């Protein structure tokens, strides 16, 4: 078992393996998103309170979910990299940050667009979820800026891993402190997330979208990790052989 | 034959030693203590100029303005926390000292708080009075600032340790620290606002206290790790 | 056609889905572009080393 | 147990450059390891790596047969490092600087006044370090070496900014340290004449 894991995390092996699994993640993911979008937009019944505007949650919730997952992945990758000195783990963090930032931006933008008809404003400071997402976006920016500021990859890896770990504690604190803050101000009713109380016709497209987003995120992540691995291993023999091989290893 | 003496000075003694050294250094350069204080006072002065001197407006915005000013003043001072030690090589000496690095980092944080956070807390009543804050609310303000500046010194030292020695360190430090400092600001400022509206504010104080305890137990380790990493 | 109007919320709903599409496409494009650039840089370096030997 | 510093298979890459590769050495009490090389050849990096401040591409450094990184505090308790920058605070006086250094270490048998006399800085005790010349500041750093009373000295270009007397003093101090059973790793750009067993590494 341990040996298998070790084999899996060896860079050349991962590089090849990732190339094969990317389509297996991307295509089911895209199919699920296509189904979820169609069902969410046209099949699911109208919400009795929010009308058709609630259909935005079919992209907002999955985007928010993926943005959090990316952050946790970044922190876990950083932690594994610091503790076990796994180079691949640091590569995961480096690859997840820009993707996470993109999905955070998407969650923020869709949340804000949803808020316009619902709250009558583009931005509601009292909403804990929007605030947590915003701060997470800043944390992503900080993470990427720190990486960019340090020239040496090994050093940048470790420094940004510390930052990601500190940040993950912070995101939780931010969320609860805004919840507390919001309870003081009697803020607007929050965007309801899917739960057992939801109608099946509404719930299944949402689940399909969440799964689809996760798979597509996985594919994009695997793609970026490949790039990171290639860059980090640029001086090794296997990369040399890969590049000199006829046909190359794109 | 030279043998290593196994009897090291106690952890507490080395904590005192480094705090004492940093306090002594701060005393030799009083400007480093005064600059953040002037900055704090200045930001508090700018605000009424910008939004108008109406009494109602001042009472309403007072807690927020004082807290944001304190946050920015602390941020301003954080840049130099490890900078001079890095420049003259004494940071390297601390890294190879036989004492645990988290303890040394904690000592530096304590000194930083004593020279930045505590003076801010002490002059805050003066500025709060100009914002027409009642006396009992000023007490709450001082208490929240007391706990809040501890949190900020602790959190900030992580960022300062991560950016020490980088060319664009100053701007980067703010980018790293401000999102981390947001819960502190939010808890602190709204607790004071609650007190000003004569509502129950104890939750905020407890939350800030809990935050300070959490930061106190984690920040020294994170700072030590960050210092080792950025001095490679 | 009425279904596309989304009961008056059409502009909000469709802009969200459009934005999602743009973000997904851009992420993919950026990942691909970066991989190509890194690959080409390494290729140039290694080929240059080969030629020197 | 006798003290011993050894290293196997050290490789360090900084940026695109390989500073040293598969380097081995072993150092016993009374011996000097001389790292020779031009500026920028990796002497300082190797010293930093020995002090446990750099992570190496490969290889491991051992103190008393155990990896340094697993016993960092014990190892740091056994070494003192004279770096390119003295690591002394310009705003503190000489005595305050040395007292602070001493307070982080176990009580030493060496008396501060005696050591200051020895390295020729006793007149300057009450002055802030900022007002001292570069050579005088190096002497203060030397006083720290002697005060620490530890088996391993790491010296990075110990002769810089010192006059003839100062350079002689360094040689003398190192020789005394080695004869009393200490060890020394020295980085220098020229050869040094020291009356002891010297291992040389060219970088």
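Letters A, B, C and D name the chains as they come in the text, with residue numbers starting at 1 for each one.
Going forward, a contact is a pair of C-beta atoms (placed from the backbone, for glycine too) under 8 Å apart; a residue touches a chain by one contact, two chains touch by 3 or more.
Fair warning: this is a prediction, and the values are worked out from it, not measured in the lab.
Asks: Counting C-beta pairs in contact, which chain pair has more, A-B or A-D?
Replies: Output for the comparison: A-B.
Asks: Could you tell me the distance, in whole angstrom, between the mean C-alpha positions of chain C and chain D?
Replies: Result: the chain centres lie 53 Å from each other.
Asks: Roughly how many whole angstrom separate the Cα centroids of chain A and chain B?
Replies: Taking the average C-alpha coordinate of chain A and of chain B, the gap between them is 32 Å.
Asks: Distance from the CA centroid of chain A to that of chain D, rounded to the nearest Å?
Replies: A distance of 48 Å separates the two centres.
Asks: In angstrom, rounded to a whole number, how far apart do the mean CA points of chain B and chain C lie?
Replies: Taking the mean C-alpha position of each chain, the two centres sit 42 Å apart.
Asks: Which positions in chain D touch two or more other chains at once?
Replies: Residue numbers touching two or more other chains: 55.
Asks: So which bits of chain C are touching at least two other chains?
Replies: Chain C, residues with two or more chain partners: not present.
Asks: Among the residues of chain B, which ones contact at least 2 other chains?
Replies: Residues 232.
Asks: All pairs of touching chains, please: list them by chain label.
Replies: So, checking each combination of chains, I get A-B, A-C, A-D, B-D as the touching pairs.
Asks: Inside the complex, what are the residues of chain B that reach chain D?
Replies: Those residues of chain B that touch chain D are 1-9, 13-14, 17-18, 20-21, 24-25, 28-29, 84, 87-93, 95-100, 228, 231-232.
Asks: Using the touch definition up top, name the residues of chain A that touch chain B in the complex.
Replies: By the definition above, chain A touches chain B via 82, 135, 138-139, 141-142, 145-146, 149-150, 152, 154-155, 158-159, 162-163, 165-167, 169-170, 173-174, 177-178, 180-181, 184.
Asks: Which stretch or stretches of chain A touch chain C in the complex?
Replies: 37, 41-42, 46, 51-53, 55-56, 59-60, 63, 98-99, 102-103, 105-106, 109-110, 113-114, 116-117, 216, 220, 223-224, 226-227, 230-231, 234, 239-240, 243-244, 248, 250
Asks: Under the definition above, what is the set of chain C residues touching chain A in their complex?
Replies: 3, 6-10, 12-13, 15-17, 19-20, 23-24, 26-28, 30-32, 34-36, 38-39, 42-43, 45-47, 50
Asks: Could you list, by residue number, the parts of chain B that touch chain A in their complex?
Replies: Residues in contact with chain A: 158, 162-163, 166-169, 172, 175-176, 178-180, 182-183, 186-187, 190, 194, 203, 207, 211, 214, 218, 222, 225-226, 229-230, 232.
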